[in-house]
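Take a look at these structures.
Next come two complexes, and both contain chain A; in the first it sits with chain B, in the second with chain C.
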Partner chain A sequence: MAKQFQSAKKKKMINNTVVHIILAVLAVIWLFPIFWVILTSFRAEKGSYVSTFLPKAFTFSNYEKLFNDTTILNFPQMFMNTLFIAICSCILSSFYVLAVSYCLSRIKFKLRKPYMNMAMVLGLFPGFMSMIAVYFILKAVGLTEGGLIKLALILCYSGGAGLGFQIAKGFFDTIPVAIDEAALLDGCTRWQIFSRITLPLSKPIIVYTVLTSFMAPWLDFIFAKVICRANSDQYTIAIGLWKMLEKEYIDSWYTSFAAGAVLISIPIALLFLFMQKYYVDGVSGAVKG
Partner chain B sequence: MGLFKKRINEFPTPYTCNNAIKEGGLSTKLSMILMGFGNIVNGQVIKGLIYLFIEIVYLVYMIVQGTGFIAGLGTLGSAEQQEVWDEAKQIYTYTKGDQSILMLLYGVTAILLTVLMIFIWRGTLKSAYKAECLRKEGKHVNTFLEDLKSLLHENLYRLFMTPPTAFVFVFTILPLVFMICMAFTNYSRIDNHLMLFDWVGLENFKTLFDSGSILGSTFWSVLVWTVVWAFFATFSNYIFGMILSLLINRKGTRAKGFWRFCFVLSCAVPMFVSLLIMRTMLQPEGAVNVLLRNLGLIAGDASLPFFTNPTWARVTVIIINIWVGVPYTLLQLTGVLQNIPEDLYEAARVDGANAIQTFTKITLPYMLYVTTPYLIVTFTGNINNFNVIYLLSGGDPVTDLSSTAGKTDLLVTWLYKLTIDKQYYNIGAVIGIMTFIILAIGALFTYRNSKSYKEEGGF
Partner chain C sequence: MRRGLARFLTGIMTLTLVAGLTGCGGSKSANGVEKVRLMVWSPSEDQSKDNGEWLQTMCKSFANQHPEWDITFVYGVADEATAADQVSQDPDASADVFMYANDRITNLIDAKAIARFGGKYKDAIESTNSKELLDSLRVNNDIYGVPFTTNTWYMFYNKSVFSDDDVKNLDTMLKKGTVSFPLVNSWYLPAFYLGNGCTLFGNKNDESKGVDFGGEKAVDATNYVIDLAANPNFKIDADGSALAGLRDGSVSAMFTGSWDANAIKETLGDKMGVTSLPTFTVNGTKKQMLAYAGSKAIGVNSHSEHMEQAVALAVYLGSMEAQKAHYEMRNVIPCNTELLKDPKISADALVVAQNNTFNNTSILQPFVAAMTNCWTPVENMGKGIRNKSVTHDNAKEQTEAMNAAMNSNGIN
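So, the complex of A and B:
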C-alpha cells in the first residue's frame, strides 16, 4: 500500500517536472522576440541584417537618435500627436461606450433590439472596406489638411464607439436590477441612477473602457496612414515606426525602430498589465451570457 | 425562418403615426405640412418652433443643393476636365470637370438626410398628436423645460443614444452605403475611370465570379485560403490556449502568476510592433536564420524560406498567429475554466476517468458551450484579420505576377491592396460585400444553432 502511494507520488512529481519544463520552453519562445528587440535597441552596429545574433557592442545612441534627429522622422512630435489624439478620443469614446451599454442593458426602449441587431450586422462588414470612403467624406468636409487631421483621427477613432458595447453591456447586466428599482422608488431619476449608483459600481469596466480607447490610437496605423497621407507633421507613433522599416529608412533607422518600439511598449505594457484583471472580469462576465 | 417572424409590439402606445394621420385634429393634420404646428397650437411653442426650424433648414438645403445632388446620382457627371489655352496668361488652365466620386457622396448623403427627415417628420406627427390628445383629455401637456428634464429620466436613452448613433451614421453607415454603391460603378483605374465613372450594374460581380478572368480566379483562390486560414487560426489558438491554460491552472503547477505573466507580457507589447519584429526576424537574413546558421542547423549560406515559399508562408502565418493570439485566449479562457464546477471533475475521478477523458468529456464540451459566441467572434475576426497578414507577410509571396494577390492574401488584405495601392475601388467594394455575405451566412447559421443563443432568447 505504502509502495503504491510512493509510486503515485513519484509519478506526480515527474508529471509536474514535465509540465514545468514545457511551460519554461514555451515561455522562452514567447519572450524571445521581446528579448531580441530590447537587445537590438542597444545594438551599436547599424543596418537591419547582422551576422551575429548577439550585438557586438552596446550603445544608447539609438535612443538619442530618436529624440535628436528630428529632421526626417520627428519622433517627439509624433509622440505628442498621438498623446493628444489618444486623450481626446479616449474621453469621447469612453463616454459613448458607457452610455450606450448602460441604455442597452438597463432601459427597455423600442429601438433597443433593432440597434443591437444593426450593430451585429455592421460588425460583419470588413472595417477596411469603408476606410477609403471615410477618407473621401473627411476630405469633402475639409478635415484632411494640416492640424485638422488630428480632429479627423479623433472622430474616426471614436466614430465606431457606439458599436463596441458588448463587453460593457455584459458587465452592466451583472449589476442587480433590484438596486435600480429601489432607487426609482426613492425618487431617483435615471440619470442619478447612472451617475451615482451604476458608475461607482462599475470601476473595472470603466477602467477597461478608458484604457482600451486610450490605447487604440497608439496601436492603429492603417487608418492613420490612409488619412495622414503625406502630412508627415501629423504622423502618429505607429506610422512613424512603420516608416522606419521602409526601404529608404531601414538601414539608418532600424536600430532606432527597435528603440522606439521599446519606448512605446513600456507604457502600453504597463497599462495592459494593469488592465488585464479588468479585462478578464469584463470578458468572463460577457461570455457567461 | 424565425428571422421573419412578425414582431410583437412590446411598447404599445396610442400615439402612433398612423393614428395621428387618421384621427388627429386639424392642427395635427396641418403639422403634416407645417411641422411643429400642432405643438405650437397645443402649448409646446418652443418644441414646435424647433421642429419648424428643422423643416425650414431641410427645405432650404433641398432646394439649394439637395435635389441637384440626388439628380446627379443618375448620371454621376459627364463633363470632363478640359485643358484650355489661356491667351492672356500664356498658360494652360483646366476647366472644372465633374467629379463623380463627390457627386456620388453628396447624392448618398442627401438621400440619407431625407430618410432621417422622414423619421423626424413621423416624430413630429406623433408628438403633435400626443399633445392634442392630452389637451383634449384635459391632462397636463409637458412644457419645454419639462421635456428637457425628462431627458435625464424617462428619456435618458434619447440623450445617451443620440450622439453615438449620429457618429455611427456618419462614420460607419454613410461610408458603407457609399462603398456599396461603388460596387455597382466602374470607379477604377482600369480604363482610367478615376475622375468620371458610371453605373455598370452587376458587371463587377460578373467579373469576379467569372473564373476565366484573372480577377475571378484570384478571387476563388483567395476565398479558399481565407476560410482555411480562419479555421486554422481560430481553432489552433483556441485549443492551444486551452491546453496552456489547463497546464498553468492545474493543481501541481507552481508560480501560476509568474507563468501567466510571461505569456501575457507578449500581448502587452503593441501588436503591430511585435508583428513587425517577427517579420524582420524571419527574413532570409533575419535573426532566426542567423541563429539557425550559428547553431549549425542549416548550412552557412542557406536560409529557410519563411515568406518566399507559398506553403512555408502559409504555415508561418498560422504559427505566428498562435504566438500572437494564445495570450489573449489564455486571458479569456482562464476565467471560464475556473468557473467549471469542481464536482464534475470529482465525479469523473471517482468513476476512474483519466486526464484525456475528463478533457474531452467535461472540459471541452463545457468550454464549447460557454464560449461559442466568443468562437464565432474570433472566427469572424480572423476572416477579417488584417493586421497579422498585412504586417507579417504583406500577402507575399506573389507567385503569379499577373494576379493582384499573393499566396497569403486574405480577402481583406486583398481588398486593401486593390483600393489603396491599385485604386480598383469598384472591385474592392465587391470583395467587401462578398466578405460580408459569407460572414453573415456563417454567423446567422451558427448563432441560431448555438445553445447560448437559444437560451438567451434574443440577439
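So, the complex of A and C:
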C-alpha cells in the first residue's frame, strides 16, 4: 500500500517536472523578443545590426535622445498626441459599448434582432476597408488639417465602437433581470438601473472594455497614417516609430526605436496592473443568478 | 452626467460645423498685393532647427523677392520617397510644392497631380542641369520638376586598406580586404547584370523594348555573383551589417548612398574614401558595374490654386542659390551645373563620387509602369544565391526564369 502511494507521488512529481520544464521553455521563447527589445533599448553600440546577443555596453542615451533630439522626430509630442487621443476615445467607446450592450440585453424592441444581425455582418468586414471613404468624409467636414486631426482620429476610433457589443451583452445577460425589476419597483429609472446597479456588478467587463478600447487607438497605425498625412505635429507614436526605421534614420534611430517601443508599453502595462485588481474583485464578488 | 454628455455632443457638432464652414476665404487685398497661401512639403530635416531651417529660410527669401505677393507658407512633412504617393492619393488636399523622387513620376502623372513646367521656367531648368538629369524628369518631352539632387549609390571604402588603384576593380579589392555588397536588395544587384550588357527597357525608358536579363551575358553575371558570394573576403550586406562591419573593422568597403555618409565619416574619419563604382572581371574581360540612378526634384501640384506662385517657388527652391544653401546646411549634394564648378564643392569627394556615378557608372532607373515587375524576381535571385539554391549547375535555368518573371506581370 505504502509503496503504491509513494510511486503515485513520484509519478506526479515527474509529471509536474516535465510540465514545468515545457512551460519554462515556452515562457523563454515567448518572452525572448520582449527581452531583446529591452536589451536593445539600452544598447550603447550604434546601428541596426549587431553580431552579439548581449550589448557590449549599456547606456541611457537612447531614451535621452527620444526626449532631447526632437527637431526631426518629436517623440514627446507624438506620445502626448497619442495619449490624448487614446484616453478620449477610450472613454467615448467604452461608454458606447456599455450603453449599446445594456440596451440590447435589457430592452426588447422591434429592431433588436435585425440590429444585432446587421452588426454581426458589418463586424465581419475589416475596419480599414472603409478607410478611404472615412478620409474623404473627414476631409469634406474639414477635420483633416491642424489640431482637428486629433478630433478626427478620436471619432474614427470610437465611432464604430457600438458594433462591438457582443461580449459585454453576453455578460449583462448573466445578471438576473430580477435585480432590475426590484430596482424598478423601488422607483429607479432605466439610467439609474444602468449606472447604479448594472455597472457596479459588471466590473470585469468594464475593465475588459476599457482595456481593449484604449489599446486600439494606442497601437493603431493605418488610420493615423492615412489621416495625418504631412501634418507632422499631429503624428502618433505608431507613425513616429515607423519613421525611425526608414532608410535615412534607421542607423541613428534604431536603438531609440527600441527605447520608444519599451516606453509605449508602459501605459498599457500600468492600465492593466491598475485594472487587474478590479478585474479579480469583479469576478470573485459578482452577484450571479 | 447626462447633461454633461449632451453638452459634449453639442460641442462636437458645433466644432464640426465651424470647421466645415471655414476654408473659404478672399484672396485679394486692397493695395494690389495678392494674398497667397502656399503649402510646402519637405523632409523634416529641411525644416529642423538643428539644420538651420533651410526650407523656412528659402521661403522667406523668396517672399522678400516678390513684394507683389503676400505669401503665407504652410509647412508639412513628407520625405521625397513618400511625398509622391501622398500627393497622388489626394491632390486636392496636398501641398502646392513638394519634393519627390523621380521614380514615382508616372504615378503622379497618372493621378493628374503634377504640373508641367513651360516657358521661361522650362528654359531656366534646362540651362542649369545636365541632359541626363533632365531625362530623369522628362516624359513625352515635358519636364515635370526642378531637380535639386541626384539619387544613386556608390562605394565607400577604408583608405588604409585599399589604394586609389585598388578601388578601380572589385576583384583586386577582394584580394586585399573585405567587401560587403547588398546582394539581396534588388536596387543593387542588377549592377552586375547591367554591367555585363543586360538592359531594362532599352535603358531608355522604352517600355516596348522589354527586359533583357537573359542569354549568355546574364548567365555569366549570375555565375560571377555566385563566385562572389562564395569568396571568403566577401560579405553580404543585409539589415545594416556592412555599416556595423565598418565600425568593428571586419568590413573595409561597402556600397550605399549619401544617406549613410555621415555615419561612415564618423566611423572612418579621414580614412574614408568614396568613389564611383568599380569594374569587375567576367571571363577575363573587365566590365563596369552600373547602378540605378535617379533624381530628386521639386514638383508643383497641378491642383494648386496659385499656380504662378507655386511654379516660381519650385524653381527658386531648385535654383543655384537654394542648392548652395542646401549643401551648406544639410550636405545635400547639388546638381546645378554652375554650382558644381564652385571650387569648394568640386573638391568634396562625396560630391565627386556621386556625380561621377551619375554620369559614368549608372543607368537612369526606368520609371515605366512595367518596372514594378522587375524588383521581386531580382531579389529572389539574390536570396537564392545567398541560400546556395542557385548554383553554377542551375544558373542558366534560374537566370532564364528570372528574365521570364521580369518580363511578365504575373497575371498573363
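Throughout what follows, the second predicted complex is superposed on the first by the 261 of 289 C-alpha atoms of A that agree within 3 Å, B and C clash if a C-alpha of one lies under 4 Å from a C-alpha of the other, contacts with A are read in each partner's own complex, and residues count from 1 in each chain.
Keep in mind that, in the parts below, a contact is a pair of C-beta atoms (placed from the backbone, for glycine too) under 8 Å apart; a residue touches a chain by one contact, two chains touch by 3 or more.
Keep in mind that this is a model prediction, so the values were computed, not measured.
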A:102 touches, of chain B and chain C: first, second, both or neither? first
Touching partner for A:68 - first (chain B), second (chain C), both, neither: neither
Partner chain(s) touched by A:191 [first = chain B, second = chain C, both, neither]: both
Chain B versus chain C as contact partner of A:134, first or second or both or neither: first
Winner by number of chain A residues touched, once chain B and chain C are compared: B
Touching partner for A:6 - first (chain B), second (chain C), both, neither: neither
Contacts of A:113 with chain B and chain C, given as first, second, both or neither: first
Doubly contacted chain A residues - partners chain C and chain B: 48-51, 136, 140, 155, 191, 254
Contacting residues of chain B [partner chain A, same complex]: 10-11, 101-102, 105-106, 152-154, 156-157, 160-161, 163-165, 167-168, 170-176, 178-179, 182, 244, 247-248, 250, 252-254, 259, 261-274, 276-278, 280-281, 283, 285-287, 290-291, 294, 323, 327, 331-332, 334-336, 339, 370-371, 373-374, 380, 384, 386, 390, 411-412, 415-416, 419-420, 425, 428-429, 432, 435-436, 439-440, 443, 452, 455-456, 458-459
Residues of chain A defined as touching chain C within the complex: 45-51, 71-73, 135-136, 139-145, 148, 151, 155, 191, 195, 229-232, 246-248, 250-252, 254
Contact footprint of chain B on chain A as seen in their complex: 12, 15-16, 19-20, 22-23, 26-27, 29-31, 33-34, 36-37, 48-53, 96, 99-100, 102-103, 107-111, 113, 115-117, 120-134, 136-137, 140, 155-156, 158-163, 189-192, 194, 218-219, 221-222, 226, 238, 241-242, 245, 254, 257-258, 261, 264-265, 268-270, 272-273, 276, 279-281, 283-284, 287-289
Chain A partner contacts - residues on chain C that touch it in the complex: 1-2, 12, 15-16, 19-23, 41, 43-45, 48-51, 76-79, 81, 83, 86, 90, 92-95, 239-241, 243-244, 247-248, 259-260, 263
